[in-house]
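Both complexes shown next keep subunit A, but they swap its partner, so subunit B is in the first and subunit C is in the second.
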Partner chain A sequence: MTEASLAAPLPRAPRPGHRLPAAAVTAVLLVILGLSAVASLSLGASGIRPWEIWSRDLSPSERAILFEIRLPRLLLGLLVGAGLAMSGALMQGLFRNPLADPGLVGVGAGAGLGAVLAIVLGGLLPLGLQTALGTHLVPVSAFAGGWVAVLVLHRVAHLRGQTSIATLLLAGIVLSALAGAFTGILIFIADDAQLRDLTFWGLGSLAGASWAKLMAAAPIVLAGMALTPFLARGLDAMALGEAVARHLGQPVERIKRGAILAVAAMTGAAVAVSGGIGFLGIVVPHILRLAIGPGHRLLLPLSALFGAALLVAADTIARLVVAPAELPIGIIMALIGAPVFLWILLARRGQLEV
Partner chain B sequence: MKGLLLAAGITLTPFMVAAQERVLSIGGAVSEIVAELGATGRLVGRDTTTTYPPELTTLPDVGYMRALSPEGLLSLNPDLILLSEGAGPPETLAMLEGAGVRMVKVPEGHDTGAVAEKVRVIAAALGMAAEGAALAEKLDAEITAAAAEAATGGPKPRVLFLLSNSGGRLTGAGTDTSAAAMIALAGGTNALPGFSGYKALGDEAITAAAPDVLLVMTRSGNAPSEGADYLDHPALAATPAGQAQRLIEMDGMFLLGFGPRTAPAIRALHTALFPGEG
Partner chain C sequence: MLLAEGLGAKLGGRSVLAGVDFEARPGEITAIVGPNGSGKTTLLRRLTGDLPGPGLVILDGDPLASLSPRVLAQRRAVLPQATAVGFPFTLREVVAMGHAAGASAHLPGIVEAALAEVGLLSKIDTPFQDMSGGEQARGHLARVRAQVWAPVHHGRPAWLFVDEPVAALDIGHQLQVMGVLRRFARAGGGVVAVMHDLNLTAMNAARMVLMEGGRITAAGRPPEVMTAPLLSRAYRCQLCLNTAPNEGIWLLPQAASPA
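After this line comes the complex of A and B, so read on.
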């Protein structure tokens, strides 16, 4: 009897028959990552190739293209892609919901509000502060907005030493709506030029990549990533339900807080430097779960690998299709990612599990 | 010897402005002025807003002027980039500056002196100051004359400039816009004096504006005219303009560009506003 009632809420038994060996998946992902990285460094509006550096003297502008534009952009793409995909995997594990993405803890909406604030009202700041922040005003403000949203949410959902996931979810939706309303007010007072900036920010792009941005974002994203190995086992246990996880001896509260913190760091920094790049956080973990199963110890690092590869590949396409102009990367992600994901859903219906 | 030549080259650089042969023009009015100065042959690229003169549209397009990509611009290997004031994003501009490309910002503006100022800045950057001064003077005189002629019209019609009509939600031009400036220069009154910039309009605001004439931009390409959509809009249909079915459609860059074609644009708008005259 006790056994039966305990077994009832368990998810369906895993189907190991469909899984691919983890080593093979890792190897494939590494190859994809390597190929997209090489493509990203070698292809672009100008014909310059990285290996030409050994065969001839490069002009200053060719040097700038390789070392000031393509290289920081590649590294930023790896960082943002890994951070967003890992955040998605963490959120789906934490909420035990396949639709969960970083937007649920309000990071996206908060960061969006921060960016819009900076774009529309940045001109009202004291001149000294404006010059000091320069082009970093929008990223800094977006990052701050994301963090404020997470702190407020955590405060709301935290009661007597416990974080309620249900409250977190509802409060996240409410906070996103509120941030959306403030964003709406700002959009209303924005002028034509600012509106266009907002639109482009919302579509996401790595076009502004620079060493300065990379140096600012990298420590934050990497710190978030460094937290994830300590969360994997706990998230696996939480898939059976919070109570079960607690009985299994997992520090459930610490895991929840750690996951929220890691997501806020990775997504906050990623969104701040690249704008609104959606989709990665949902698609990457789901595809990987189909290949290797829902265990977080593999899922989290492989999500980072796959997310990085996918974003760099999408960015390379974004730079090439309409060269010398370029498309916002959000368009490419959705244009390629959505049909592929739909195809996987159709082909493997009923096998998605979180 | 080589070192000496190099040193000479460095000292000479500031005086060799005219040697800049690969020019990238960002901004519709900027490109029109470059063409008007007779420097079309030096252009190696343009942005999406450059649509006139038509031969410029065959140049490589580096994208929308507020979302420029650094590598895209550098790939055209420009010596000089002429940028309209609104061009960006700032990160791209900072990177181009770092790559050592000479950039000149051309001020925006929508008053009678703005066109001459743009011409002078662009001509100086191209090393064509003399031609620039002549062109600036000529355009300035043309615009002043066109505005003076337009000012002699009868009672000033109230003109409502509509930027867009997305599913019945209208965006109109308030003060401090190039549309408002053109309406005033052509002898009309802007029907929306209550706010600055372009704003979404409520139905009551449209009724209160009581425009005699609607002014809209022609759609690009072969898209069908939007005129009927505007005149069918319930709030607009009730205004004097709607009842008299008075709607003027003009090319956006021609009307609002504040470039070499501003004087003819003032005349064209004036003629459309006062159909009874001459």
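After this line comes the complex of A and C, so read on.
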């Protein structure tokens, strides 16, 4: 029984030889992150030149642009990008499916409904609760909306440890439609001031970035991120199915609950401050899996790094191409993301019912 | 020693297993055989705790329900019929998951040794999804072996629960896989295997149970269970048994005829 006699020709050449060393990938991502951060701070509609930030004293108005507009926008971009990309990687691990993305399967819509609910009906809450939550009300409510959406999705699309991508996407369409309908009703009953808030919020961009928004969203996103190191090994095992993960000693139910909470926190808070940006959660983990493999211990933190860099870069491009106007960042992300989504879909056409 | 009493199970509201007592000893292979739909896999899933239901399972003195997944993973490994790998993990990474979960996680070289045992060492860096069905089956066997690498750990036997381990394999690899299980058992480990192939069962199992309609209808050493009347009734076809060359029992499908 020799190996040679058994070695049937493989349909594809083994790939891991092409995997890149994690340290090198991390270094490259850090450089990209640094470059996009510098570009984001120094490029824009106002006349500050990149090299001038450090080389000469800035006028008060230029300082204001830097510290009150561009810096919070940069930090918010890092936070939202990292949160959305990590959410994508987590959801894909949870559903064992590389096409699960919070934006596409209705989690973003659920979070959006939560945010709109807070903007329109937040005034009805007891005053004590309103003051206690303060600016956190919208992100907290979005987190709750996203949480409900992931729970429903998990109930509907997940059967005996398996997820059918068809059920997942259809359930996402239904969830989005339902959330959209309720959002529509809320917009209908909103007053003028709330409508202004809603319009501003729904732009799907980082344009409204402020320190207040950043402070409202950051704790929730960071709390979600803090959960992820405890989920990585369990998600690896769950790639073999829930039963096998249990046989491998993983507390599967706890990992699922943790992943759902983390996704809801990161997506919810990101949607609350940016209006929801699609595709980041698919593109980033997919490219990283090709580069460093599917192990979640590396995939999750590097997704955060790559997502942050990519979103800040896309935001900078969005601000520059039609300056002084701005392109909604969602357009840029869709231009990059939709082809990648199609590419994965085509590559997996033979095995969609995994 | 694996002891189970009064095991039952329902699937979709229908009782598929009822009043089953079962025991398996370390140091030997215990086979579960029976026709399709007789409840073999259901029994295995009750024994591993994957399926809820009435009855009690005691693994080496400890009720199964009292052991956490982490502790359980160090004492027994489970190999289901088929396991799809959701992402492009390599063979090495999949086997390493088993190794990391087991009691020998701190020992180096076990992933390679487990792969060598099933003849897949040369494929160690191949993406699991790119391997053939038979290679994947052996890869998963290496994974559970890496998990319970030492057949006896601190004086306590390790256990392997396998569901049709040779289903996807050619005859050479069937013998190879049964050899892996037999050596594990001979070294003191316990093996409970759902088997379809009666010849391989006769060759390798020390004890076997025959299932029919969710019940055990015969149990004992293979020569006691593998009799023409018992097997013919269970499998609903006239079976002809023979013995050759040295006391082993074998079965001749050519001599079978519909009931």
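What we mean here is this: the second predicted complex is superposed on the first by the 222 of 354 C-alpha atoms of A that agree within 3 Å, B and C clash if a C-alpha of one lies under 4 Å from a C-alpha of the other, contacts with A are read in each partner's own complex, and residues count from 1 in each chain.
Here, contacts are C-beta pairs under 8 Å (C-beta built on N, C-alpha and C of every residue); 3 or more make two chains touch, one makes a residue touch a chain.
These figures come from a predicted structure and were not determined experimentally.
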{"item": "Partner chain in contact with A:P126 - subunit B first, subunit C second, else both or neither", "value": "neither"}
{"item": "Contacts of A:D191 with subunit B and subunit C, given as first, second, both or neither", "value": "first"}
{"item": "Contact residues of subunit A, present in both the subunit B and the subunit C interface", "value": "none"}
{"item": "Subunit B contact footprint on subunit A (complex, rising order)", "value": "44-47, 60-61, 64-65, 68-70, 134-135, 188, 191-193, 196-197, 200, 205, 207-208, 210, 213, 319, 322-326, 328"}
{"item": "Subunit C residues touching subunit A - in the complex, by the definition given at the top", "value": "48, 50, 68-74, 77-78, 80, 83-90, 93-94, 97-98, 100-101, 119, 122, 125-127, 130-132, 134-135, 147, 172-173, 175-176"}
{"item": "For the subunit B and subunit A complex, residues of the former touching the latter", "value": "45, 48, 60-64, 66-77, 86, 88-92, 94-95, 98-101, 163, 197-200"}
{"item": "Complex contact set, residues of subunit A against subunit C", "value": "1, 3, 6, 8, 10-12, 14-17, 93, 96-98, 233, 236-241, 243-244, 246-252, 289, 293-295, 354"}
